[in-house]
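See below for the structure under consideration.
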Amino acid sequence: MRDLAHSRAFYVETLGMLVSNEDPDTLYLRGVEEAAHHSLVLKRSVQTGCERLGFRVFTEEDLDLLSAHFVERGLPLSWVEAPFQSRTLHVTDEIGVPLEFCASMKVMERAINRFDQHTGACPLRLDHMQVLTPAVERACAIYGKMGFRTSEYIADEGTDALRAVFMQRKGNPHDIVFMRNDGPRLHHVAFTCPEAHHLLHLCDLLAAAGFGRSVEWGPGRHFGPGYARFVYLRDPDGHRVEFFNNHYQTIDIEDEPLRWVPPSKGEASRWGRLSPPSWREEATAFV
Amino acid sequence: MRDLAHSRAFYVETLGMLVSNEDPDTLYLRGVEEAAHHSLVLKRSVQTGCERLGFRVFTEEDLDLLSAHFVERGLPLSWVEAPFQSRTLHVTDEIGVPLEFCASMKVMERAINRFDQHTGACPLRLDHMQVLTPAVERACAIYGKMGFRTSEYIADEGTDALRAVFMQRKGNPHDIVFMRNDGPRLHHVAFTCPEAHHLLHLCDLLAAAGFGRSVEWGPGRHFGPGYARFVYLRDPDGHRVEFFNNHYQTIDIEDEPLRWVPPSKGEASRWGRLSPPSWREEATAFV
Amino acid sequence: MRDLAHSRAFYVETLGMLVSNEDPDTLYLRGVEEAAHHSLVLKRSVQTGCERLGFRVFTEEDLDLLSAHFVERGLPLSWVEAPFQSRTLHVTDEIGVPLEFCASMKVMERAINRFDQHTGACPLRLDHMQVLTPAVERACAIYGKMGFRTSEYIADEGTDALRAVFMQRKGNPHDIVFMRNDGPRLHHVAFTCPEAHHLLHLCDLLAAAGFGRSVEWGPGRHFGPGYARFVYLRDPDGHRVEFFNNHYQTIDIEDEPLRWVPPSKGEASRWGRLSPPSWREEATAFV
Amino acid sequence: MRDLAHSRAFYVETLGMLVSNEDPDTLYLRGVEEAAHHSLVLKRSVQTGCERLGFRVFTEEDLDLLSAHFVERGLPLSWVEAPFQSRTLHVTDEIGVPLEFCASMKVMERAINRFDQHTGACPLRLDHMQVLTPAVERACAIYGKMGFRTSEYIADEGTDALRAVFMQRKGNPHDIVFMRNDGPRLHHVAFTCPEAHHLLHLCDLLAAAGFGRSVEWGPGRHFGPGYARFVYLRDPDGHRVEFFNNHYQTIDIEDEPLRWVPPSKGEASRWGRLSPPSWREEATAFV
């Protein structure tokens, strides 16, 4: 982040994220229902970009299994000390996305019933991340081997080539999304919030705080995978953040991935304006 | 309306307006809190357009005073029998808008607590109408003499020439709006609904009913006069209908009309996309 | 108010009312859409009670007409200087309610689009006041002569004696309500807020601020006159404040007052628990 | 259910549950986001009660492991054919609760984006069940061995004896709750719905349909475990159904079960009225 104070005004004072820790160079943020210490870390830097996507594993044993999995695949990995996290594994996956895994974090007070701290969009928790890559099918295979399951996907008619794949571990539509485009680039991180009025109020608050131009698309409804009501923002450095509500639960194994053909079903059922060109083309580089 | 059944599917089955009466050629509609028999009348016709804007006066004496007012101004008028209305005055105002006035209507059950009848956007009542005219200042003077008061207006910088004027009798920001453009044409009629989630749900229902393309602009927030949350629709004949919520009360005489300068204040405070060209240029002819 | 700082914590910091002016002994409050300087004035005092109910008239001429009306009725009146108000008339009506009238007030910024100032329940404006009196029919006649119209009423079966009457000037169900009980006493003042989620969020905020016990009844739905969704609070001195949303518009003269028979219609249509005994019996004395 | 048509009017026409299948003696219901064929089965019967609580397991292998687990514990079990389910295991647990498990069901269309089918409270999915038992600690141990994890609990001060325990598998606060009371009895089943306005609208719809008296408690806020906004209903046979929204996600292993001491923390933070005696004492027998 080029101006961490400006980022703080955006993420904390306007969006309503909680500060778990901060120093002159770093902001550790979490949503109001998160007990984990941080779900978004902002660092002061000259060059803007995304350092790494992080995932939690359930136990330390799972972390060892994952490490062995990467070694077997020939991927260089390193163990690092990351503040407020247990031992942390760094690796870059085969499509070039820098990743980080740990099994536990410092526990913070879950502020879900601290209603006086619910401001802005009342961001509840990190829900998912979307990555652009020309290699969607390869990404799908790689993350499938790691244990992610596909909930929905978009495929080209005729060839069945994957245009986008929505994968999950936690029982709702997606933890990670891969969409076909130049990459790897980070398209957006998404936080869920309680009700649709929070999305509308957030837009009003952004305008009141001078961030009105950060509203890139929405509030609207996704008619493709997930069906969420969304609003996409661009933060002061241009990174994209989605706020949405109302995903569905998907756990059962007999529930097959849903194929989605946007031009036919989409046209019949959608309302509102298409995504702007910036949403379709611009994204954050991994640094 | 070229296809009254299709209009019924739009206004009644999807938007949720109540039918007070219908015959093969006419639909008399009202909102769920209206005791007046109709606030919108749809007629079968080959050529589509708006016949007439209607206003209520308080008493029969007021109607006589109004008639005298028009005679004094040299405007031809006629008294007509209109179904479900007391004696009805027809006149075309000096800027060419066909008007109709009456003092009372057949009383219907107010369905405000008939929750099983609240569907669609839960349209509560007709709130205002917007007219395009090249003669905004003349319209403002004419309607001011009829008793309308200006709540807000948009004026050109430097010349102070009126670009738009928002006028009211009932104590909220506007009953009638005049906006500078070719005309006279009817830009839209607006119904108010209870809460913002009704606007969002309406869009989903429109898409489910195959009317997704009728959503022209929004849901969004007006940053100019009224500050309403809105969604603009185009009905099957292309007529524009606004649904909105959250206007304010304005009664007191010391509360001066608010001048609004969109380019400066507007840019600083707004969010979301600008109105589409269709919203700025297209409108319904008076027939 | 026995402890003005505590009252401020309740009305301003928790309910979200705006402070138009304050000194060590007085708080002038308004709702976020009010341009009038104040709709609620809190004064430091040893003995708690309500000094006076205030109404606005449209013009100074109306104030003179009203003064003549009271003189004709033999009521002693006085003209006073009240801060931030034009010349102000004091009178006590025939059922013992101390009243105050003025035609204009200092104009404040309407904060309706200052979304960063919308906190708590987002109180929009003062809507109505409810008075307990054994003389409901007399009150109805007196206020009817002042120009108030009855929208709804509750009458005893058989005798048709009035148990409650809801009267209005501003085009929605009530500005003043008289209910049969010992009196005159002030039962509550009511502020309207935008949406039902504000009522729910307010209760959570009250609990977070240590005012959880101030929630006396609701959130619920009135099935009698008005049909509002409500929550009734008791302020730190025990005065009752209602927050509600979703009243209806009522202007037209052919729309007859609605008679309401609670035991039959009420039983069939209501949900939720009955009002607690405190709501039915306790009220604020006029001092 | 003594009168299945009446139950259908309650669950389907008013609450908004979807019918996956029905015959003269049985109704198979699901929520609008459920792809599983049924989450609630209503059967015509002379004597009213709950036959069995059902859980899903992930795979057929898990079902075999579970069967072995029960055999090892000396519990008689049986394999049955249940309509629309894969092979189904019946067992009664050590505290006397009749259970059923299967690994897959017939897949139905997920109606999450069929907005025209979202009526009533828009019930999304079965979330949890609450059981009354004098043996809360034993239940906690038994279900812990089956793989459930405790998210929150209520313990007596001093002795630490469990008064209630909230256990989960799917990553939100509870799938099953045990509360100390005479039992085993089924206290309620709970469905989640999208937003708080659905809870309020549901109450209005219940009243409109003549089910107003079914609203037993709420809408309100739980200040103990889960923090949900709730409304508790009694169906036409007296069985209790909860609708709520806004639970939190809880997955991470370092996040310790939260101990809850109602009298102290509860008193400080709560608003609204206490549960009625019926809620605290009445429940459904297992048959």
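Chains here go by letter, A, B, C and D, matching the order in which they are written, and residues are numbered from 1 within each.
In this section, contacts are C-beta pairs under 8 Å (C-beta built on N, C-alpha and C of every residue); 3 or more make two chains touch, one makes a residue touch a chain.
Molecules present, by chain and UniProt name: A, B, C, D = VOC family protein.
Only a predicted model underlies this, so the values are computations on that prediction, with no experimental measurement involved.
Could you quickly compare B-D and C-D and let me know which has more C-beta contacts?
C-D
From the centre of chain D (VOC family protein), which chain's CA centre is farthest?
Looking at centroid distances, B is the chain farthest away.
Distance between chain B (VOC family protein) and chain D (VOC family protein) based on Cα centroids, please, to the nearest Å.
48
Take the average of all CA coordinates in chain B (VOC family protein), do the same for chain C (VOC family protein), and state the distance between these two points in whole angstrom.
31
I'd like the Å distance between the centres of chain C (VOC family protein) and chain D (VOC family protein), where a centre is the mean of that chain's Cα atoms.
Roughly 43 Å separates the two chain centres.
Could you list the positions in chain B (VOC family protein) whose residues touch two or more of the other chains?
Answer for chain B (VOC family protein), listing residues that touch two or more other chains: 195-197, 204, 207-208, 223, 269.
Once bound in the complex, which stretches of chain B (VOC family protein) touch chain D (VOC family protein)?
Its residues touching chain D (VOC family protein) are 114-116, 195, 197, 201, 204-205, 207-209.
Can you list the residues on chain C (VOC family protein) that touch chain B (VOC family protein) in the complex?
The touching residues are 33, 35-36, 56, 58-59, 103-105, 107, 110, 112-113, 124-125, 170-171, 194-196, 223, 227, 245-246, 248-256, 269.
If we count contacts the way the header does, which residues on chain D (VOC family protein) are in touch with chain C (VOC family protein) in the complex?
It comes out as residues 195-197, 200, 203-204, 206-208, 210, 212-215, 219, 221, 223, 229, 268-273, 276.
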